Structures are given as C-alpha cells and as structure tokens.
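The same chain A turns up in both complexes below, where it pairs with chain B and then with chain C.
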Partner chain A sequence: MDQSRRDFLKVASLVLGGLALWGCRRDKNFSPAPKASSDISLWKFEIKQAMRRNIPLGDLVPIKIPGPLPKFPKEINRFGMAIDLDICNGCGECILACVLENNISRVNDREAQKGRFMHWIEMREGVPVMCSHCGDAPCEKVCPTGAAVASPDGMSAMIYPRCIGSRYCGANCPSKTRKFNYTDARAEGLSAKFNPEVPLRNRGVMEKCSLCVQRLQNDRLLAKTLGKEWRGMGVQSACAMACPKKAIVFGNWLDSESPLSQAVRGRGIYTLKSIQGLDPSVVYLVGRA
Partner chain B sequence: MKGTLLLCFLGCFGIALIAADLFFSTGDVIASKNKTIAFSHELHGANIGLDCTHCHTGARLGYKAHFPSKQDCLDCHRLPLTDSAGIPKLDSALQVAKAMPWQTESRVPAHVIFHHGVHAKANISCETCHGSIAEIDRGKRASVKMGECLACHRGETGFAPAATDCARCHR
Partner chain C sequence: MILRVLFIVGLLLCVPSVFVLDHALTLGPASWALDQKTFWGTPIANFVFWIGLAHAGTFFSAMLLVLNVKWQKRISFPAEISTIAALFVAAIFPLIHLGIPQRFYFMFPMGLFRHLYVNMESPLVWDFVAILVYLCLSIFFLLIHGGSLRFPSLVAFRRPLAWVLFPLVLWVHTIVSLDFAITLVPTWQGAYFPIYFIMGALFSGIALVLILSELEGRRLRRLEDLLIAFSWGLLAFWIWEFMTKGIWCSEILFFGFLIPQLLWVRPLRAIPTIRVVIAMSVIFALWWERIKLVMPSAPEWTLVDYGWIALGLGGFMAIYFGLRLVTKRVFSDRIDTVSTGVSEESFPKKRIALYWGIGFSAALLFVAWFMVRVPTVPGVRMVPVFFPLMALVTGFLIVVDAFSRVLNRRVLFGLLGGIGVILGMFAGLIYQGGKTIFDESPAIIATEKMPESSRPVDVIWKSRCASCHGEEGHLNRKFVHEFYPLPREISVSRFDSLGVDSLSKVILDGRAFMGAYRGRISELEARSLIEYMRSLAKEAP
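So, the complex of A and B:
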C-alpha cells in the first residue's frame, strides 16, 4: 500500500460528497408527482371536514364604526366587510367561493389531521371568521421582510414573494386567521388554478384573506384608465357574492353611499374580543344598536 | 492537488450554472421563436405611420396589449398594396401562417399586475418601456424589473410620481 492516509481520506470524502450530491437530484422515478385534480368535490369534502372541527369563537364585543385609518388620513377609501350574524346560518358556501376565487390549495392528510386547513374563512361555532384587516395590525409590526404590509385602501396586504415563512405574523395574530403553507400543494397535486387572476402560493408562505384584492385592483385600474374617481362602488368579494342569504356585505367604510355603510346603519357592530382594540375592517352585525 | 480539485469543482459548478441559465431563461427575442412572417415595425410604424395600438389592441385602454391575428394582417394585405417584389412572397407566407402567427408569453410574473391602459392614460409612450422602433425590430423586449418600475413610480425619471404601495401592483 503506497496510498497515504491523507490521499485515502481525500478520495473517500470526494466519493461521499459526490454520492450526497447525487442523492439530492430531482428524479421523477423516485417521487412521481401525483396528478393534479381540479375536481371541486375534493374541495367540498375538505371544507366539510374543516367545518366539523369545533373551534371556539370567543366573545364578541361591540366596537365603534370603522373610520379613516390613522396611518393614511388622506385616503378616501377603506374597504371592509360586515357579516350579519342575525342572517348567517353558517352554511359554508362562502368558504367554497373563497377557495375557488383565490385558488386555495388542499392540504395533505397529515396536515388535515392536525386541522391545518388553508381555507381563508374558518367556521367557528357557525360564524365565518377571516382576517379582520386591522387598522393597527399586529401581524404587520413583526414581519421581518415587509411582506405583511398595510395598504392605503384599508387592506392588510400580503406580498407572497417577500414572505420568508418566519410565521411571526401568524404567532402575533390574535384572531389566528393567518394560514401557513406547510404542504407543498403543487408538488403533491393538491392545488388547482380555478381563477387565472390569482397566483398560486408556494410552500413556506403565509397567506390569509386578501379582501379579494384582485377585484379591487381590476376595478381601480379600469376607473383610473377612464379617468374617474374610484370609490370601489360595485366591487364585491367572492364570499359576499356567494352568500345565499346575503349576510356578508362588502364595501367602502368611508363612502356613505356604499352598501356597507347602508347595511351597518342602526345595527350593533361587533368584533372578536381578541382584536377589539385593533380597529378591524371586517366586523359582525348583531341586533340593533 | 488541492488547487486542481477546487478548480475542477468550481468549473463544474460554473458550467452547471450556465447550462441552467440557458435552459431556463426565456427568450429575449420574440422573432427567434417564430420566423413564419418577418414583420418590420419600421416599415409599418415609422414609414406608414400606423399607431402601435392599431395592431396591438388593448394597449390604450386594456390590461394587456395583444398581438394581431393573421386576419388582422389580411385586413390590409388582402389587396396588393404596392408593386414591391416582396408582396407575392408575403401572400404565400400569409396563406400558410397560423391563425395567430405571433404568440408570446408575458414576462410579468403572475403575482404582478401591469395595466397598459393606466400607463397610456398617464401619457407614458410605448417607447419608454419597449424601446425605439429600431430596437423592437432588433428583438428587444421590455425589461421587467421592480427597480425600474419603482424608479418611475417614485418620480425619479421625470414622470409624475405614482403609487408605491405594494398592494397596488402585487396580488
């Protein structure tokens, strides 16, 4: 043996390193991508599964009507929603509409067992709960990359390509309405592009109700192209459109002619107790004020 | 020995990077993918004076500026327009061409919206992003870089400042 210990180690480490690299290759034979299905009944089944969970709602507390955002005092629009709990029967049609509008992917069995569904609307004791788009949003304060950011139109926006998946926002959200993509839905064939307007999210990205930002953007661009003042009149979120009882009203809090402002007139405005001091844009209506 | 190994490794890595770049990069030039009909922007635009929106419908008011169909070409070229020797050649090329001779994939990623109409309304000419007619004929495509978008939107390039809020362009 004229091979020194040094040379042997060199060759051995090279071989091992090479094997390790080879092991990292992408091979379709090892993990064949399951065929993606866009059969809506799969999503309907998952929604039923999600609605069977018993998530506590917590107390609802009365708040004042949302006004202009302190961050953007000059803005004339602040979009939001009101969910009339006197009418809502918790049927879950809004969840399906939201899924189809925003291309929300299904989760794999492991995540489903843990109850980590991606649905942006969650039924808690028969009450649909989604991101409240707080004016003073705690999620935006802890995002290390600025992916969770306030929009002057009143939304708490989420810029997916910026998200690095630290999940700080989810941890800091008192209403726990942010959803993290634990599942690589595209690789596992669990996502479908129902709506070409909305991009699919990657694994490791936080997502939540966007207040159907694509509909607002489209309407705003059209109004600006035609040179009109834009107040978002006529825009509706997918859940509001799908609600069979018309319990969800979408509109502009700062426009007195908006259907939202008219729907909340004389009504009791409530929100979850956990976010009562955070100036939410999405509220619940119960009884008369 | 050590140096050679390191060089070999770096060389392989470099080659892999270049190969990946060549493999995954989208073509810079529309024409190279599609040589069915040679189209001169200079002849149609600068010489005849056709507006860009004449063929690229939607550029003035719509979200997207579209590419013309074969029928759009034939609307004018049904009759021989000149005595040029190229006309019979063009006629035969148009006969065999596909219904949509030019197809291109937008470079704007799915999570970004770029509305042509709003920019046209703000008096931003096509040339600002797409380059001069000569550059377009050479195959230049508008570059899509957020830094370049923001430079204009912040008002650093002489245009009026526009929205710089994330959710105005991202979804």
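So, the complex of A and C:
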C-alpha cells in the first residue's frame, strides 16, 4: 500500500510537472508586440486580401422606399445610403476610405487565415455590403447591455463602452455585417489613429458601420451653434466621398431635396433577401422601377 | 473508495483545464473554434449542456418529491449535490464566452444604475437572472435537506421549497431555449424549442443520475425505464427537426436513441457496466447535439475546445465527489434512510401562502421600480424575470423561517447579517464599477495644439455641451434618454462641493459617460465653462 501510494504520487507529480512545463512553453502569441505602423500600404494589402475571399451575396429583393421610423414618428431625419449597382464596379476604394475614416484596425495572421477582417464594408460578389441600419434592427433587441441602440436619426448605433462582447447581436444579424474585435490590435501594433475623432476599439468589442456618425455629429453641432434647423444637407460619408464613380449616395431619406432622395427617384430599390422585412436604411439601386 | 478515486481524477482533470482557462482568457474568443459567421462557439454549447445536467438533480429531488414518488429519496441527496456541481460548472462558460469577462456585471438588472443601461428585451439578461436565482435556490434546498438530518422538524419545509423549485426549473430552461428561439437564425427557430430543450435536459440528467446511483451501489429500475421513454420522446423531436429544417445527424441518433434501446434486453440490462456505458452514450449524444445546434457550420476545433471537456468534467467531478465525500463523513449513512413524509401535519400552509404573497409583491415592486427608472422598457419584457425574482424572495423567506425554528436566534441573525454584509459589498463593487470610458491616453487625442485664447464660452457650451446637458443646463432629456443615462442636474451646491479642479478634470478627461474633451477644449476654456455652468445653475429656479 505504501509503495503504491508513493508510485502514485510520483506519477502524479511527474504529470503535473510536465503540464507545468508545457504551460510555460514559448508561445508565439506572447512574443513582444511589433512596432505600430501607420503605413497605409499595409491596409491596402489587407483590403486586397479581403476582396479575394469569395463571399456569396445572396439574392437581392425589391423593397419600398424607406420612410419615417415607427419608433420615432416625429423625427425629420433618417439617414441612409443607396449604392447604385449599375455603376459600381467593385473597385474597393470605399473600403480604404472607410478604414482611414474610422481607424479600423488590421488583424493578425491567424485571423486573416480564417478570413475574419475588421473592414466595415465587405465585398460580396463585387457588391459592397455594410450594416443596413435596419429600422427594426434584430441586433438592438438582443443586446443585453444596450450597447446596440437605435438613434432617432435612423442609425443603428454602437456604444463601445457599454459592450461586454456577448456577440448576441452578431449571432442575430441576418446580413452578418457586424465585426468582432478578436485581435487586440493596439497591443499587437495593428491599429493606427488616422482620424482623431474616432476612438480605437478594444479587444472583445463589437463594431460595425456607423454611417460616419462623427461627420453627422459635427454638422449637427455646427447647425445648433448657428441655431438653424438641421437636415444633414451637405454631409457625406467617407465611402460616398471616395467612390470614383459616385455610385454611393449618402443622404436623408425624409428630406425630398437631399441627394439621396434625388438619386433614388424612379429607380428600383433592392436589399439583401435576408433582411428584407427589417426596414433597412442602406439600400441598393438596380435598373428603373 | 471509488468516490475518492474519482475525486482525485477530477482534481487531475482540473490541471489541464487551468491551462485552457488561462489560454482562453489571455487570447480571448479567438482562441476557440469560431468561423466567420459563427459568433457563438463551444462555450455556449457546453453551457447549455451543463445547465441541462443540473436540472436532473432538481427533477429527482424537487419534482418527484412534489409528485409523491416514493423511490426518489433513494437518490435525491446525490442528485441535489450534482445540481450544484453542474450549475457551478455551467456558470463558468458564459463568463468565458464574453469578449470582456470583467464587465459581466453590466447585466445586473438594476435599471440605469451607475450609468448602465440593462436591456430587459434581451434573453441574456433573463438568463443571467434566472440562473443566479436557480443557483441560490438549489443551495437553499440542499441546506434544508442536509439540515433535516440534524433537525428532523426541517423536513416539513422541503415540500414548500420543492414547490418553488419545480416551476423554476422549467422556467430556467425555457429561458435558455429562448436565447436561441428568439433570434432570426433559421436553424434555431421554433415554438417547440422550450419543450425540446427541457426534454433534452432531463434525458441527459437522468443518464447522469443513473451513473451516480450506480456509483452509490444502488440500482433503480425506474431510471432505466425513464431512459427508454425519454429516448423515444427525443426521437420525436429529432424527426421533427429533420422534417422542418432538414437537420439530420446520425451520430446523435446512434448514441442517443439506438444504444439506449439495449435496455430492452434483460440480460444486458442486468450488467452494471452496460448500464453505465449506455448512460454515458446518452450523455455524449446530448452533448454532441448541443455542439451541433450552436455551431452548425462545424469550424475546425482548437485545443481550447477540447479543453472545455476537461474543464467541465474536472470541475464537476471535483465539486461533486468532494461534496459527496464530505457529506458521507458528516452524515454517515443517515442521508439515505431519512424519511420525508413524517411531519406532513406540521406543514405551515398559511405561512407559505403568505411568503408567496410577499414574493409576488416584491417582484411586482421591482418591476415597478425598474419601469419608473427606465420608462423605455416594454412591460411585457419584464415577465421572464418576474417569476425567478418571486421564487427567490419566497424561497429565501421559507429558508429563513425553517432555520429560525431550529437555530439559536443570535446565530440566525448573525448569519443573515453576514449575508447582508457580503451582498452589500457586492453591491458596492458594482456601484463603484470599472471604467466605462476609453482609456486612450490624452496625448494621442491632442494632436493639434489648442490656442489658449477663447472662443465665446456660450458658443462652446452650445456646440459641445448643450446636446446632452441642454442649452439652459436642464438636460436635453429627449436626446439623452435615447443614448445615455441621465447626467446629474446642475446645482450651485454641487458645484461648490466638487470644486473647479475636479470639474475641469472631468471635462478634459471624461468620466463614466461624459466624453473626454482634451484637445478640443483647452484648460482655460474648461475653467470658463465651469464658471458659465455656475451662472446657469444660479439662474435655474
């Protein structure tokens, strides 16, 4: 009995020691962080890499023109975008502009291998897909902490300090346009602050297209200071500005003079089939109505 | 002897799981298998699995007690311990799953407490509440059971407490199933999900209790019959899933349905090893079913995913067999011989009704308080947490009543005071909380040098501050309600008590939901803003 107990303790301590050694092994994930770089060509390379993925788009289905939000019936603004697929050639300039405007970080090699990039705009079969800012957004309903909330301006907003990373919103988003920060980009030197107005996101936080809320907010504050009524005239999102063919139009759905309302007049309005019933604010234009 | 060996095996399994935990927490969710479109991975599947196993204990102790099934007392004590062990294991997984685990307390339904907003529409919040309550009540139930061995008069309180637990278990697993059924994911939809989940949970739980009772050296023929019955019940659901969604998995069918059918063969059924193997195959089938349910696209597994198996098994075995060894030493064999039906007469019916009433009103009060604090929450969404809260209060009152009869009053008040102090400490921790602003160093933000001179202070106020704090300093309620919790009202006395230095620090570096304005507002301007706010406060009625 004594002998066997001694043997048992020997084996157990050997196993424990071996496991402890295994735990102390050198892991490349813990190697010192590379120096942060803000060389834009790195981001351009990553965008090319991302565009090479072959993500299916799914069907496009016709919908009605977005109107006032049922949640905020008295609001006079509902911002959105229209992407003209008759003009768009899928060049990917919008992705770069979005990255530079919103300080989107790069991902490490492991994530890149899995094809998980942080880009808020994704090319699916040559069509730029981003968050559609649904009026009846499924992500807002399931977020436990209210990090995903509706703004009265028609945006489906993201409040980063509230996010605890339960990823429920991502699981419930039919268009799969929400991006989760798997990489600790700041620690690994993969992020850069191109735009001082947008914060860098931590690991474990969900993010997605914000409709360039900082631009809208600046314009709104200006209008407030001057005491004017604000309809968001003249504001453009970064992707809309960067599009060489002017295929992306940003504007106010509820303002009949906004470039958006002008652009969709007489056109066929489409959206992804998976979100057709959710009242999206970002739509596609194909052909005549 | 076998219990001790299994306890040591459990402890040994905990060793690799510590490494796995460390790996998972350092690398975050990227460390386990998730592909581009799967945001929920193996931790959630393991959570559903272990919470299902936990239900078995309550099923055998509480439900069968209420239903007057005589043979339940032969296994009820081990089953109750297994509930607690499985619940502790289950509670680890959702915490690991979170992107930022240290922020888990953001889900406490406190109603705009400390600038946090809890979305009562989200099933995760219901889940959080229900499981906490379930854990508390299972511990209460075990306490009463253990206590009744020392003080036989406590037996009268087992039945009322079982009546609290019985619906609570069904409620908890319904909520777990709603985590899935409420989403828009096509393979997770169906009104039958709650029953499907409860059936699956009980099936795996019965198999677990069968193994545990074999380890105690007892054989319960009824358990084997139940296993066969549930295998046919689940077959119906699996066929239903195939017919409506086209989900078909032959492994699950083989291990979960075909192998339990061996129990029809009498000679095979007489061998204990065969019975245990069959029960294990059922448990495996249901674990695999949860994995398939959460991750239909089957991404490639990493070491961490396999590590969860060690973590779950090791944690469960260490807690269960540890507790079992302790209770065996303390109570020797009296556990199994205790009779539950002795003091039916002393059953304090009126008091219990009163406790249910108090529980109901407490839950109602909570809902009212929450809805006053957060008026935007639709009232219907409070229903899922209503019953768990009511059960918590009722169960707590029953336990306090029970122990007030047997314990010295001084000891009882001491215990209650201790619990109160601990809860108060937790509340304080939550109230103080962590940082909810970005910890970016202001040096990064201050990219351009601000001129020390001044724009007119009222223009700065209107352009930077008024959107939340209101032009006259009385909060822009409509806007703030939508995005943030309400900031404090401005008053002269508050200004004087806080002082210019601390206020300007708040303006420049931010605090809680107040953004940092360093780089956009100079220090001089911050000070003039404070003067301006003071003048606004003076004008306020």
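Everything that follows uses one rule, which is that the second predicted complex is superposed on the first by the 258 of 289 C-alpha atoms of A that agree within 3 Å, B and C clash if a C-alpha of one lies under 4 Å from a C-alpha of the other, contacts with A are read in each partner's own complex, and residues count from 1 in each chain.
The rule is short, and it goes like this: a contact is a pair of C-beta atoms (placed from the backbone, for glycine too) under 8 Å apart; a residue touches a chain by one contact, two chains touch by 3 or more.
Keep in mind the model is a prediction, meaning the values are calculated, not measured.
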Original post:
For the overlay on chain A, clash or fit between chain B and chain C?
Top reply: clash
Original post:
In the superposed arrangement, does A:Leu14 touch chain B (first), chain C (second), both or neither?
Top reply: first
**OP:** Answer with first, second, both or neither: which of chain B and chain C does A:Asp184 touch in the superposed model?
**Re:** second
**OP:** Scan A:Gly234 for contacts with chain B and chain C and give back first, second, both or neither.
**Re:** neither
**OP:** Pick one for A:Lys141: touches chain B only (first), chain C only (second), both, or neither.
**Re:** second
Original post:
Touch check for A:Lys176: first (chain B), second (chain C), both, or neither?
Top reply: second
**OP:** Quick one: classify A:Arg203 as touching chain B (first), chain C (second), both or neither.
**Re:** second
**OP:** Considering only touches as defined above, state whether A:Val213 meets chain B (first), chain C (second), both or neither.
**Re:** first
Subject >> chain B versus chain C as contact partner of A:Lys224, first or second or both or neither >> reply: both
Original post:
Regarding the shared-chain residue A:Tyr168, is it in contact with chain B (first), chain C (second), both, or neither?
Top reply: second
Subject >> Residues of chain A touched, compared between chain B and chain C (which is higher) >> reply: C
**OP:** After superposing on chain A, check 38-46, 56-64 or 92-100 and name the one in chain B that bumps into chain C.
**Re:** 56-64
**OP:** Touching chain B in one complex and chain C in the other: list those residues of chain A.
**Re:** 146, 149, 151-152, 157, 159-161, 199-200, 220-222, 224-225
**OP:** Would you tell me which residues of chain A are touching chain B in their complex?
**Re:** 10, 14, 146, 149, 151-153, 155, 157, 159-161, 197-200, 210, 213-214, 217-218, 220-222, 224-225, 227
Original post:
Touching chain C in the complex: which residues of chain A?
Top reply: 12, 15-16, 19, 22-23, 29-30, 110-111, 114-116, 138, 141-146, 149-152, 157, 159-168, 170-172, 174, 176, 180-184, 193, 196, 199-200, 202-206, 220-222, 224-225
Original post:
Which residues, counting only chain C, touch chain A once they are in their complex?
Top reply: 12, 15-16, 19, 22, 26-30, 35-37, 39-40, 97-100, 103-104, 106-107, 116-119, 121-125, 128, 182-185, 436-438, 440, 444-445, 447, 459, 462-464, 466-467, 479, 482-483, 513, 519
Original post:
chain A touches which residues of chain B in the complex?
Top reply: 1, 5, 61, 63, 109-111, 113, 115, 117-118, 120-121, 165-168, 170-171
